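What follows is a group of structures, each given as structure tokens.
Consider the two complexes below, in which chain A is the common component and chain B and chain C are the respective partners.
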Partner chain A sequence: MKLSLILATLLLTPAVTLAMTAEERGLQIAKEVDTRDTGFHDFKASMTMLLKNRHGEESLRDMRNQTLEVENDGDKTLVVFDEPRDVKGTALLSFSHKAGDDDQWLYLPALKRVKRIASRNKSGPFMGSEFAYEDISSQEVEKYTYKFIEESTHEGIASLLLERYPVDPNSGYTRQQMWVDKERYIPIKIDYYDRKNVLLKTLVFRGYQQYLDQYWRADEMYMENHQTGKSTLLTWKQYDFRSGLTDADFNKNSLKRAR
Partner chain B sequence: MSESFFRFVLKHKILVILLTVAVSLMMGSGVQHLRFNNDYRMFFSEENPQLKAFEMLQNTYTKNDNVLFVIEPQDGEVFTRETLIAVSELTKEAWQVPYSIRVDSITNFQHTYAEGDDLIVEDLVLNPASLSDEELATKQQIATNDPLLRNRLISPSAHTTGVNVTVQLPGKKLTEVPEVAAKVKEMAKNLEASYPDIKVHLTGMVVMNNAFPTASQDDMKSLYPIMFGAVILVLVLMLRSIPGTISTLIIILLMIIATMGLTGWLGIKMSPPTTTVPIVIMTLAIADCVHILVNFLHFMREGEAKYQAMMESLRINLQPIFLTTLTTAIGFLSLNFSDAPPFRDLGNMAAMGVVLAFLLSITFLPAMMMMLPVKALSGDTMGSLAMVRFAEFVIRNKKQLLWGMGILILFLIAQIPNNRLDDRFVEYFDETIDFRQDTDFATDNLTGIYLIEYSLESGETGGISDPDFLRKVDGFAQWYRQQSHVLHVNTITDIMKRLNRNMHGDDDSWYRLPEQRDLSAQYLLLYEFSLPFGLDLNNQINVKKSATRFTVTLESISTQQLLQIEEDAQQWLLENAPEMRIDGASPSVMFAHIGSRNIIAMLKGTTTALIIISLILVVALRSLRIGGISLIPNLVPMGMAFGLWGLTVGEVGLALSVVSGMTLGIVVDDTVHFLSKYLRARREKNMSGEDAVRYAFSTVGTALWVTSLVLMVGFGILAFSHFQLNAGMGLLTAITLGLALVADFLFLPPLLIYFGGKKP
Partner chain C sequence: MRLWRWIVCLMPGLLSAGEWSGYAELQGRYFPQDAAYEKQSDHLISLAFQPEYYQRWDNANQSLLVVPFFRWDSEDEERTHADIRELIWTYAGNRWEAQAGVGKVFWGVTEALHLVDTINQTDLVENPDGEQKLGQPLIKLSLEQDWGILDFYTLIGFRERTFPGEEGRLRSHPPVDQDHAEYESNREERHLDFALRWSHYIGDWDIGLAHFNGTSRDPLLIPRISNRGEISLIPFYEQMRQTSLDLQATKGDWLWKLEAIHRSIDSGSYNAATGGFEYTLVGIADTDMDLGLLGEYLYDDRGDDATTPFQNDIFIGFRLTANDVDGSELLAGVIKDMDEDSWMFNLEASRRIGSDWKTSAQIRLWSDIAEQDPLYSLRRDDYAELTLTRFF
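Let's turn to the complex of A and B:
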């Protein structure tokens, strides 16, 4: 009796998930990823981008990132550029939104002015790298619709493969395939498909570390463009969670002070 | 040894036929591996310096294989709601073109303007249906005045516009180009169907690449049947023997199948030049067969039995046919010196063909003739009497001929410098080809296809923002814009000036380069953050931001003019910006150099072939003096032909550079036949020089002019090719072969009589 009860429970659990449509299951996974990353309040980190072209030429971009969690909306982010030298002190402030376009301002120290980036375009390359702004901006659940594909093992990690479709009509992608670690609910790889639905780029997350016993952050994000042969390695360092940032650190005035 | 071989062939005729057919078909099975090359880069060897420079440029920025849709509204106005809706739809749809990485048009052009403290970056035409007439006029004003668009994507009078699709072909499959071409053709057709008042023309490098195989196949369909018809006609007239004609036709078929099969097995890709191979080798194969058959039929007519007649014919023909095959093959193999791989392929394929033709004509041909019933017709095939009369004429006028011909030869050779190098790749296609028509339309109405590109280096990371560097780049652009034949200059400095103006409230007085390095860099950063997917600056700025791509679009000008402009540009750089001097790179530059590179390479090739062939002749003819004299009729036809060409056409290029090597081996054949008969007369029959000339004329005169005629017809047919490359090559070769006959008949005999020596 007891054994059959256990068996029944075991068999029923997947049945619950099976009862969901692929779309519901996909959304559920995306929400779970989001939920598990909620509550960190804020963090600071430094970022380095190493750009490479087909010819083997390399170039470095250094910047610092501050992120503040916003309840019921997208995060606020401030990125200050240190390298290349010519743009040192330039700072980008973004308010990510669950619905509609993000707000962006850029402070240009040479001009001593804050300029709003009045463009719907978030799909262009970030600092000439293979990352688009939409790839590294705050990944709100509402920015995509989802579909669960299958459970699979990716490089020895049991994962959930889902597809997500950008809501923004100006996105550069038709869809993305995302492998999510089944245990930790963190992305380990994303394939980006361009407007003609051909594989354009692959992003691989490497060297995940846990902060505050909860929040996983990858040390390295490696983006490879399959069509142009270019690549960018984004390295994150010196994570500092709950560093005491407040709303006051994320406005136009703070932009000028940010250097 | 050869006798026992021929006895075997004639005795085991069925076995020989089966064996040769089987081997030929086995080789021929490689035909399944034949593929057409559809990349203009095929004309360049890997070590070609201009190709290397261009590849480096493309690897630093992005590749620029493209498709350009040229939109021609019938009412001559691009800025109407209807046309703009069509352009905007096409722009959107163009992202679906396979391998596309970028789409540029007047509708998605990233227009920037200032609004208070904001920099607005948006599509120039966002919602065409809702535009008022006034707004349309404003947009037209903006587009036709923007240095990035004018003469590139919009004509100054706004009567035509373009949608340019940049594709990044992986280069792994031969299906990539046709895949793109099929899609864009379908798009053009659909657009024309939805908008009957709009005509779409397709050009660009991908469209050209696709035209190579399609035009080649058209060529095959139209030229091969003409050639076969001509061959049958000539054979019937000359041989007047149905079995002989049938056997020769089968040999030609077997040889073509085997040659093309071997080509497939060897993995050689077909290209426009190599599509001529079947015609070339067909012509050459006929000569071998005709020599054997004419003598065979002659001996039968003289009453010999079939077997004896064939044995005798083979005996007297083996050496000359072997010799001419050898020299012809050497001539073709000299094409391996060419810098353009398709011509190496052409040489190797033709060399294989002539060797196969030789082997088949001494095995399959006699065996087949033994199988078929042969009746000897009475009467002589060709009037050798006429030849005797002609010989008398030549001998009578030997002095006048020597001087007259000598002067004519020198006069024509003196005309060689009238030839100018010209390799405009669009004009490789004749006007019947869609690509040529559409490209001509684009050149006349929108923009050019001939580019020169530079990767201008500042020498340090981020250096493209340096005001000094920008000033020099801008100076270079201004210099270029002042040159005639320059349609468009694409430079980052125009974007910089525009941004500077935007940042100063769109004040026109600020339309100039920023004066601080960090300011330029920060403008660029801001601008880049505002650009959408696929319209970034990565195609103009390298990753280190140390160099920028600078593109000049030219009208359809000659290679000479293009090289002159480039040279002037180098001079400007040397004087004004020596630290960023770099050679221009682009397909146009590559093609501009390929003609002269090939001529130099082929001079080496032809000289090498000439030395080898002359040595062979000296050994075969066993006379240093006659071998030396043979140089004159071997070389003179080329000189005369190029001189005549200089006098009449005056333009030479890639294809004509290989003619000398190709014709050398064939021209030698006539000389060999004539000289060997002359020598036999002098040595074996102890004839005087004049009598030996008479003898040579009467024995081989007829065969010589007939085979020359066949060759001229064969190569002349190539003049109908859709490829100017093949047409020019065929025509000049035909002329050379005609002049070779003239030299052999009118100049060689006086030479022999005066300088032939007492007793060779």
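Let's turn to the complex of A and C:
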């Protein structure tokens, strides 16, 4: 079964590739990336962001992430902040969608207040870091259009280079160039071009590990801003897949309980 | 004491296995104008301390949160006070939640005034904006359904509002006599209050409907002459029934907000509402900064007889969010009375220093306050406040 599948792929791929436009090929790659990452159901992880400015001054962000996969829509995510101390217990609940704005609620523990916030602001810095909200929110196929550029080797890894164009007019980018590992179908590097089509940031994924024998997650995501000289190193730790999260863990009550 | 024993029995290892956090702050206020009343001074220094203990157990289904609060004030002995902000046990079931103890609850969406928010008493000595609250003893059951969240509250025991003392600025004239509060109910502060709230979201809309039956958190202030011939204001807490609506539509960069209440008290009933918008300009002037523009209208159908100063007022303000490493923020606004010349100005700014410290500043000004306005006694109490907070 497996062998025949591989044979079929080998036989069919060149023909299919030839028949496709660059856009179709780009979309095909994006869908393959998505398909291979589907079915994880849920995970918990802790995240650390190390922010550095051009003078080398550092600042730390600690948070915990819970994500629930939603069939036929974007994921549900709950992020709770531990550091810096003044925002400890602040939590962000997001229901991302394949099309249109995400739903977001912010919990402010000092006032016990849950605020529905405008999520149209996708391009703004997340917690003062070099990651914009749109960089770390659920990456849905429908959020971009695609174009295949070429096969290339990136740092010794056979890659597929594609360009993707945000569908949302409120995105901070005109385009992104993404290098996808040809074998594992995971992103290894992304170049972000700002609204003036000038290279703004580069994101590099490092230390990929496989979970549940299928899902690849990078231990480190390093984002460098070429225009400001600032950088953010996002480190993921303590991944716990299929931890038993359900829909009930993603409502306003669980947002208040999260801490 | 019995409560403590019960908690200790419930979870061995208390105070060792949980986590401690909290903050300590140093605050200074300066009042540039001469005080309107004797004994008031033109500045204050104050220290506050709020430790926080949290522990969860039983697969994180149960948790205990303990938050005492202490403040020392150099001028006003009433502002030197302590409170249990929270001492609450939470049980999270599958699609339901139970809470018991001393808790804090916030309802509402608007910025200038929080009409709908009724569960907790205002700790008015903390700040004249009324946003600081006293802990409320309560039992809460919450059901999480597909059609929304339904909360049932039983409020055991009543907390009296705190008021600045005779030496304090930002007080009424004559001052409030807090030792002789009176109640409509003969059960006084032991009256059992009940509240029910349904909240849900449908697409861009967040909606909350609530009903409250019990002791009003807003006292009437009744002048009285003491045996010694001194005039003071006695807080009188009425019984009330209040139905409220809070609504927010989140439409792209626009937030549309409405809070409305219908309150019935012995002497009659009235309606009040606050509504408006917040519009956010994202990334202004090619920076990472966001500028929010706020506008709200404040209405109370009692008009001049209203016990609130906000019976026909407009609030206009802006919120600047730097989105920088230090989380710098600035909120400034004016509330203008549409019937009188009076207006008040408010500015709040804050930024982080490193990861454990924060500075914040406040400026509040009152101007052309009419004599019949409830804010008249604050007319000379413009102030600037600086606070340095250390989180741990």
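In the analysis below, the second predicted complex is superposed on the first by the 245 of 259 C-alpha atoms of A that agree within 3 Å, B and C clash if a C-alpha of one lies under 4 Å from a C-alpha of the other, contacts with A are read in each partner's own complex, and residues count from 1 in each chain.
The definition used in the following text is that a contact is a pair of C-beta atoms (placed from the backbone, for glycine too) under 8 Å apart; a residue touches a chain by one contact, two chains touch by 3 or more.
All figures in this text were calculated on a predicted structure; none of them were measured in a lab.
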item	value
Room on chain A for both chain B and chain C (clash or fit)	clash
Partner with the higher number of touched chain A residues, chain C or chain B	B
Partner chain(s) touched by A:Thr90 [first = chain B, second = chain C, both, neither]	first
First, second, both or neither for A:Ala19, with chain B first and chain C second	neither
Partner chain in contact with A:Asn251 - chain B first, chain C second, else both or neither	second
Which of chain B and chain C A:Asn121 touches, first, second, both or neither	both
Partner chain in contact with A:Leu51 - chain B first, chain C second, else both or neither	both
Partner chain(s) touched by A:Leu106 [first = chain B, second = chain C, both, neither]	first
Region of chain B that runs into chain C when the structures are aligned on their shared chain, from 345-353, 417-425 or 507-515	507-515
Touching both chain B and chain C, residues of chain A	51, 53, 59, 84-88, 111, 113-121, 123-125, 127-128, 170, 172
Complex contact set, residues of chain B against chain A	56, 59-60, 62, 95-101, 115, 117-122, 168, 461-462, 465, 503, 516-523, 525-526, 528-538, 541-545
Chain C - residues contacting chain A, complex	21, 23, 54, 63, 90, 92, 94-95, 97, 104-106, 108-109, 131, 142, 144, 149, 199, 201, 206, 248, 250, 252-255, 280, 282-283, 288, 290, 323-327, 352, 355-356, 358, 389, 391-392
Chain C-touching residues of chain A, taken from the complex the two chains share	51, 53, 59-60, 83-88, 101, 103, 111-121, 123-125, 127-128, 170, 172, 248, 251-254, 257, 259
Touch list for chain A against partner chain B, complex	51-55, 57-59, 81, 84-88, 90, 92, 104, 106, 108-111, 113-121, 123-128, 132-133, 170-172, 194-196, 198, 227-230
